[in-house]
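Please find one structure pasted underneath; my questions will follow.
By letter and in written order, the chains are A, B, C and D; residue numbering begins at 1 in each of them.
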């Protein structure tokens, strides 16, 4: 946790140094909130505080964690990515058709998974290319790519549900290591890889810098465009993997595999302390956010909150969590968008 | 920005002037008040099938059934989908009805109960032949309209109860079960759950431990089931799901939790569920026969449009009716694994053959 | 938009004898008409694909269909112009359909006003939360979205509520001058009235200043917070009005009725050429954008594009439309 | 690194480090450069002077490849070059410290220093933090700075960030074996005097192994630190002066083409009635997060300067008086009435005006027109009822454009297209249009303005004071504070520690003030 990226003061960097207020709180806020919420649920529900349920929470967080890893890089740049449903849908169907399945004779195994992830990366690349070459805001390019991805998925789906028979891929969701499903370990690995990329690769650091001050990079002779494309491609690869994971969980390829994951992942990232304006936060922040959201979802069911209210309570808590994190560093004349 | 005020003024001025000059009228110019019933030549009939999306097997099979019927009468079917988006469904219908509606036959799956009425009113006004399925508010009567030929649905209470009973039997008549509800805002979800409640009354030793919605979605069912499995653990002997997609999601959750002692039931008879029943991992489902649904609506419309049937001749109990459904268990699953469309079902004098009686 | 540490590198090089004129250049004029050009091009393409598409009835149906989307997008455009975003409009609109349907039996014709006012008040609450708590609008309205959905589900008992008394909204289904659907006429009126009010009062400079540079606006003493709250209020009220239109069209209110209109509404704003970063844009642009989006939503399937290809085309066309309509001279950094 | 020793030139005939011949650059409607010549010798500090619009920034941009000239040649060490990008320029050993700092705030100092030329710091896309820290440390050592390379840039002081900038620019040595040419564009405009001294020490060190082009509006600085000064006017070179023995007035004359006024601060305009006017602004023990127990009194018609080093809290006091920074305790009255400082609206309504230091971010709305910017605050002046009356607004704006001689083609022109001085005048005019201004808070009102524009701003301040407006001035330099103020408050560590009377004819020296400040 000693990344130099960890100590920030302000949303908009003021031209003069300002007193550094609420520094630690903003970074410590989400983990504290996680602990508090966990404690509250544990106190309220005996079902919640079982080892089995903690395993369940971690397993349930796996797919969202992988999506959040990808989206974090995009958000760090100050862009936004709504292409998750399309990319995940396309890769979920693709992998289901490439490994051993009931629709065709393919049995590509790992190679099939790789191709599906590459398909995700390719779609991400398209978002990035449209952003830098057509100069269309990422909000729209990714929205468009999402529609394209869903279209491609529906084309591949062709009316018959592809069910996977590939034992390895099915095993990922079933087999356990140290009490957690393989998929959960894959998610942990993704977070780790994401963190390494963010901390030790030029791509990650530049993504961070683009969110901080894009113009400066150009003035320093860095060509920003390729890095933007690369970040979207990387994010697409993560979504692709997430699509594969959903297919593994359901043993079937679904066009709707990624439904709802876009806003869920953005919520998780924001709750974890990544700013939508870019230049702040990171993969670890988002991982905490993912756990927060998952604990909430799980806890509300365990405590027995009516299904009608669950969404609303979740929304309230998200707003409360963010305002609690923002409150200490409030400043007059601060720009909030 | 400078140019805003001018168009603003212009538009307001023009529209006010137009309104003042001509007043308001009921009808857009040149609407087609409906063709003489039965006056269409067979080749002029336009067949339209509309379902939520083509990315789920049940609805894809529905549209394929529609294609099969269209082929049978030498036509083709326009396949429309609206992504489960009520607004988009309305928009498409409105647009469709603004075209040539004289011999238009529509077989529609309304997204929810509330979507049925505007579709019906639109068809009535435009003179298109309409058959709806599944969703209809209880207090809307088909007989009040003459372009709305028929509404077909399945007795959700019955199917919910059937699988509830099957589930109770499978767990030996006593034990805890959990229920996965569908989209709360649909009649189907409510009826099916009412069926489960009826079944629970009949099986007093079966206890409903928990009920959550998973919105008819396989993915959500997986997550919800996992959570409920940890919450109730071994108390869970059975899972009742309001459709097969959720049942399959629950099965995946059970597999991941290493539980093979839990009975699962669903509704819809999608191919995966049939396979699961064949394998013995799932207990029961109820078939509504998607391909038949896709064909029958078009068939009724086609028969009326071409004059082989007249609306007036359709008995009131055939205007809104429950179609036959089949409980599928391990015993009879072999009969349903490859659904085929039977052309005879779509003959004009045969279209109501599967009726189980009027919707009460 | 993040605050540029450096003002745009090569922009005002020869600022001094400022011989640059204030009038927009020819290119800028073309860009400001781009949304309309995109609309016409799309219409032409659809007509080529299916010549039957271009009929008076079909166009009338299309504009009628677009009315709720126009109103939703118009309201949200204000928030976007102020530099924020309102993700709650669709959920709030669904909630309002429920309000409308529930209150109609008791309030009769007044219900329209009450529903619009209630939605406006809810919008105002969001605006106040955003301004007072300094939470990004994205987060406030994301939270609002789920809260409103939950409230709608609970009060409606998760089911549609029928609108029995159709007289209250019957007028929305009339036609002005025989061809122009009343609901679209109302939508036009909303756009025109809001545009006019903004144009004729200092609000225009307040809104733009807030969107382009909130800190400068604040330090110039403009009522930034009030303007933002007002924008959210109008956005909420527009969601309420759109709800009335939807409820009158569907003869019912339902807790999920408008939920799917969020992304189309935002797409309409952006396709119209309004900068998502704030400051630059107008309600008229959103009107054109909403028509483009509506044509895509209903036109593609009607002219016979298969569902999978429809989505692919939709994705490609909205990106292309934005590429056409965005005036990049007003937006320094594309994120 | 051999950088420090490269000044040992072994070539026989010294070649010019950089030479510009007949550079021409047109922009639509204006000739920014009209045949500029410039020579930078090895190991010298060349000053570049000229008013805003003389073509300085265009010339500098051409030298680092951000602008492509229409005609003319650039020669680097006797070799004709074409510079297409910053990277191109860096390859030829030319680097620039930009006027507004070009550092990425959320990266470490080390990353900023090596940004764009990471060299061994990044292998195959993977960061090697140790190497990177070492590389950065080397750069910082060159200029004798003790900044922690792994500190986040936005946690550094302004002066430290300037050091990071210079360390960063010196990385171009890695790209070329020749001694580099370093361009410093207005490096002092945002520094306090102590920081400026440190900077000058660095510039003199740079001369040991590099050539430096130094651009500043402050002619005394230019004469202080440079060996020669080249003067631009109207896109042309008008001459070169060795700094030895030159006076600011000489340079000034060359820059504007005539003798500059001796009365730079228009002290002659200052009116002083013998009877002290009643106090207009009274601040009693006001405290905020960065200042404590500040007492302040400003009379109508008085200009009170507040001076202090960075971190003295004077900016926050100024903002607090406008309601833009929270006050924790204390009482503020304006003409005897309590001032509502819960937000900026109260201050505005009471006739308080504020001109922020960061003009481009906080002062003006760049994409909006001159008229809109000018009328952003006082609505009554342009409205009848709630409606804006275009004619009323146009008349009023045109009137103020003329009164303040704002040079703009039209009131509808985007303010971002005007020069800094004219922008500042529009920002000032915003508070004047309604004629109800009572207290004006000026935070570095002349930052980044050239002499001509400064002089006009000073004259305006005098006129406003004479009309009875009370003014609080945070000056750009001590000289300015002394020249303009009637009284000066010295702030130290969040407290007002000293009041210095500053009447015309009895002005203290900067040295007197500096003693109080530290």
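Operating definition for what follows: contacts are C-beta pairs under 8 Å (C-beta built on N, C-alpha and C of every residue); 3 or more make two chains touch, one makes a residue touch a chain.
Computed from a predicted model, the values in this text were never measured in an experiment.
Counting steps between touching chains, the shortest path from subunit B to subunit D takes 2. Simply put, of A-B and B-C, more C-beta pairs touch at B-C. For this pair, subunit A with subunit B, the centres built from the Cα atoms lie 34 Å apart. Centre-to-centre separation between subunit B and subunit C, using Cα means, comes to 32 Å. Computed centre separation for the pair subunit A/subunit D is 43 angstrom, with centres defined by C-alpha atoms.
Distance between chain centres (mean CA atoms), subunit C to subunit D: 42 Å. For subunit A, the set of residues touching two or more other chains reads 13, 15, 150, 154, 211-213, 215-216, 218-219, 279, 308, 333. The residues of subunit B that reach two or more other chains are 2, 53-54, 184, listed in rising order. Shared interface positions of subunit C, i.e. residues touching 2 or more other chains, are given as 3, 5-6, 9, 153, 158, 200, 204, 215, 218-219, 307-308.
Contacting chain pairs (ordered by label): A-B, A-C, A-D, B-C, C-D. Interface of subunit D with subunit C (complex): residues 25, 27-30, 32, 52-54, 57-58, 61, 66-67, 98, 100-103, 105, 322, 324, 343-345, 347-348, 354, 356, 360-369, 372-373, 375-377, 379, 382-383, 386-388, 407-414, 416-420, 422, 430. Subunit C makes touch with subunit D in their complex at residues 3, 5-7, 9-23, 200-202, 204-206, 208-209, 212-213, 215-223, 225, 279-280, 330. Remark: subunit B residues 53-57, 60-61, 63-64, 181, 184, 211-213, 217-219, 222-224, 226-233, 248-249, 252, 255-256, 258, 270-272, 275 touch subunit A in the complex. Of all residues in subunit A, only 12-13, 15, 77-80, 82, 86, 130-131, 134-141, 143-152, 154-155, 211-216, 218-219, 263, 266-267, 270, 275-279, 306, 308-316, 318-319, 322-323, 326-327, 330, 333-337 touch subunit C in the complex they form.
Partner subunit B is touched in their complex by these residues of subunit C: 24, 32, 52-53, 55-58, 60-62, 64-65, 68, 153, 156, 158-160, 162, 171, 174-182, 185, 188-189, 192, 195-196, 199-200, 204, 246, 249-258, 260-261, 282, 284, 294, 297-299, 301-302, 304, 306-308.
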